[in-house]
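One structure, pasted below without further comment.
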Amino acid sequence: MRGHYNLIAGQSIERLAALSDGVFAVAMTLLVLDLHTPAASTIHGERDLLGALAPLAPRLLVYLMSFLTLGIFWVGQQTQLNQFERADRDLSWMHLTFLFLVSLMPFSTALMAEFFHYRTAMVLYWFNIFLLGIVLLVSWRLALRHGLVVEAMRAGTAAIERRIIVAQALYALGAALCVFSTSWSLGVIIVLQLNYALAPAFSRRWIP
Amino acid sequence: MRGHYNLIAGQSIERLAALSDGVFAVAMTLLVLDLHTPAASTIHGERDLLGALAPLAPRLLVYLMSFLTLGIFWVGQQTQLNQFERADRDLSWMHLTFLFLVSLMPFSTALMAEFFHYRTAMVLYWFNIFLLGIVLLVSWRLALRHGLVVEAMRAGTAAIERRIIVAQALYALGAALCVFSTSWSLGVIIVLQLNYALAPAFSRRWIP
Amino acid sequence: MRGHYNLIAGQSIERLAALSDGVFAVAMTLLVLDLHTPAASTIHGERDLLGALAPLAPRLLVYLMSFLTLGIFWVGQQTQLNQFERADRDLSWMHLTFLFLVSLMPFSTALMAEFFHYRTAMVLYWFNIFLLGIVLLVSWRLALRHGLVVEAMRAGTAAIERRIIVAQALYALGAALCVFSTSWSLGVIIVLQLNYALAPAFSRRWIP
Amino acid sequence: MRGHYNLIAGQSIERLAALSDGVFAVAMTLLVLDLHTPAASTIHGERDLLGALAPLAPRLLVYLMSFLTLGIFWVGQQTQLNQFERADRDLSWMHLTFLFLVSLMPFSTALMAEFFHYRTAMVLYWFNIFLLGIVLLVSWRLALRHGLVVEAMRAGTAAIERRIIVAQALYALGAALCVFSTSWSLGVIIVLQLNYALAPAFSRRWIP
């Protein structure tokens, strides 16, 4: 009985993608709820308004960074799902785990942004990114083992795995820097994020 | 007139799936709103931060458990919808009822997690799971009766029904244990949940 | 230039449907945020817990009713969109207007539920339903006029329009009863809602 | 290695569209959370209820305006995505940037609505619209350069670009008026918004 259910359960890549897009969309917009307009009663001139908006700037930065991180992993997951012919139940659960970690990202980012001078916050933030990477890697191997990857992509598998491993090694290195200084750690991680988001746009100019 | 409207109403499996993915995505991320970063003014060192984060651990566990339960029913509903050729108006309403119960799950889970030593909370939590199972079962029978199931799957129907009934019987047994001890009850239900989420990954290793 | 843009703008039924499913999914789960677990400090026994949960019952009913109303209009819009070959810019805006009214429904329902003995609340609630019906009717006529309806359905148009008009007439009648008694008004509207949700399931039994 | 990843990353227009619809759907319904039903204890008659609802009217207007603006950019982005054969990683990131700006729109609109007599609020609101337009323009050029636009549309590119530029010039002009009076500024921008939402419905009547 179980075997039979497993043969038909969780096969749709389309629904996995749709659920993922939903979770990413909600996670991406959740932090915007933290931006509140100032109370009208405290504003008596342009200066007051500017003054009331200034404290929102760091929140906006956190939001931007959370969006950036989620964007990187959305592109990563999407690229992977595109290489799959179909899903199965194990793969569905792997990506449900991925989505759970995705939904925690706004919290980790907010924590890190507010307490970036504390190692605890930095390590938790890195750990969230680390787990996201691990799950994507395990998902890819599982899909290969279960024969879910489209024929044409089975050869390119080393590149995909190397990419995840290199990225994770760099993140880990960045996080490890917090032994010396959490600011350095944060700086390295932000540069890495920007690199993964912006790099292709720039690299194409130089590598025709 | 009514007959005519019924012939064309609610036929799209795609839109039913899309609405379901949306509701699941929102329900899955709702509880994350309960995780708040500690107030910066109360944190003066790594110890304070760790101390402030510790009380979030149980909330995270509730969130994880809610995600797990929703994941189980997402896979279950998805598997069913995949076997349908098309929907009709009755089936659409059956799944709207299902989605209503889905959207209550984060509340039931939170209630159960906070008051797991009270039978009231345990029974309400079980009742939510029970109703979800019943609606899935009724939806399957309705689809069979209305001729909405794809040809190839009509034979496998006993397996699908048996699976829901066995799962529901086990959940009911677990819930009934709360007559003796709500902790036992909770323990059995969590083991069942983990089984439905993780079992396929492990069982494949032993049943080639 | 404008003419050219209009020829290519807003043509995708799929994206209109996806946006609609997203808005419906969020609107359907918004009211669940109003259900809060009782504060643990106030609960010292099963009785306390039951006592603390009792006041949530009316909120749950409102939520159920809001879900029901949204379900009715989701099925209605979906049925219409299924008959369209493609959209155009006017039709897209008509359905954006529809979605705006959809997103107001949880508020109207909550207002009506809390103040159902006030005509103001009852009339606002009815007005929301009324506008939803009108927009669906206008959208259908617009689609017919712009040649967006699939060939096969152009004949059945009278049935679709009649259905909306009859439903709206009954709602208006129900709402008008609030001149005498808002309770009667509410009762009639709830019966109408249940009829539109449950009727097909029952009617099939009698009309083979 | 990087080149290889870029060849396969972010190619799916469907998932970009699905994520966009999710973000738009959440952003479009977020502001409705600001509409709260009045406290029952303060209402003792129809007059009290009307009095308690009156202050919600401006919030409803803000919500309507935010919905309108988001609708305009949803139609704009959708029209563009429909002309693309496929996406690539740069285009995906361009649209992730677009979605980030979309998710800020409810905040900008609320700020502008509450402080429309302050230039700061007006300029921030305009700047959000301006960035949305710029990103759509850059996205279109990028798609053309990367050969992602469907054959048939490559000729019509001037019309699409001109449309964005004209719209942005008019918005900038409207915003610039706030040097004299923020009310004039607001008025012009609202007229422009209504024009972009309603114009096609009216213009078709006159231009057969």
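Here are a few things to note about the model shown:
Chains here go by letter, A, B, C and D, matching the order in which they are written, and residues are numbered from 1 within each.
Please note the rule applied: a residue touches a chain if its C-beta (ideal position, glycine included) is under 8 Å from a C-beta of that chain, and two chains touch if they have at least 3 such contacts.
As the structure is a prediction and not an experimental result, all values here were calculated from the model.
Seen as a C-alpha superposition, chain B sits on chain C after a turn of 90°, to the nearest 5.
Homomeric contact chain C/chain D: same residue numbering on both sides for under half of the interface positions. Chain A and chain D have Cα centroids lying 25 Å from one another. If you average the Cα atoms of chain A and of chain C, the two centres end up 35 Å apart. Multi-chain contact residues of chain B, defined as those touching 2 or more other chains: 18, 21-22, 25-26.
On the chain D side of its complex with chain A, the touching residues are 1-6, 8-12, 14-15, 18-19, 21-23, 25-27, 30, 33, 89-90, 92-93, 96, 99-100, 103-104, 106-107, 110-111, 114-115, 118-121, 124. Those residues of chain C lying in contact with chain B across their complex are 17-18, 21-22, 24-26, 28-29, 32-33, 35, 37, 40, 43, 45-46, 49-50, 53, 64, 67, 71, 74-76, 78-79, 81-83, 153, 156, 159-160, 162-163, 166, 197-201, 203-204, 207.
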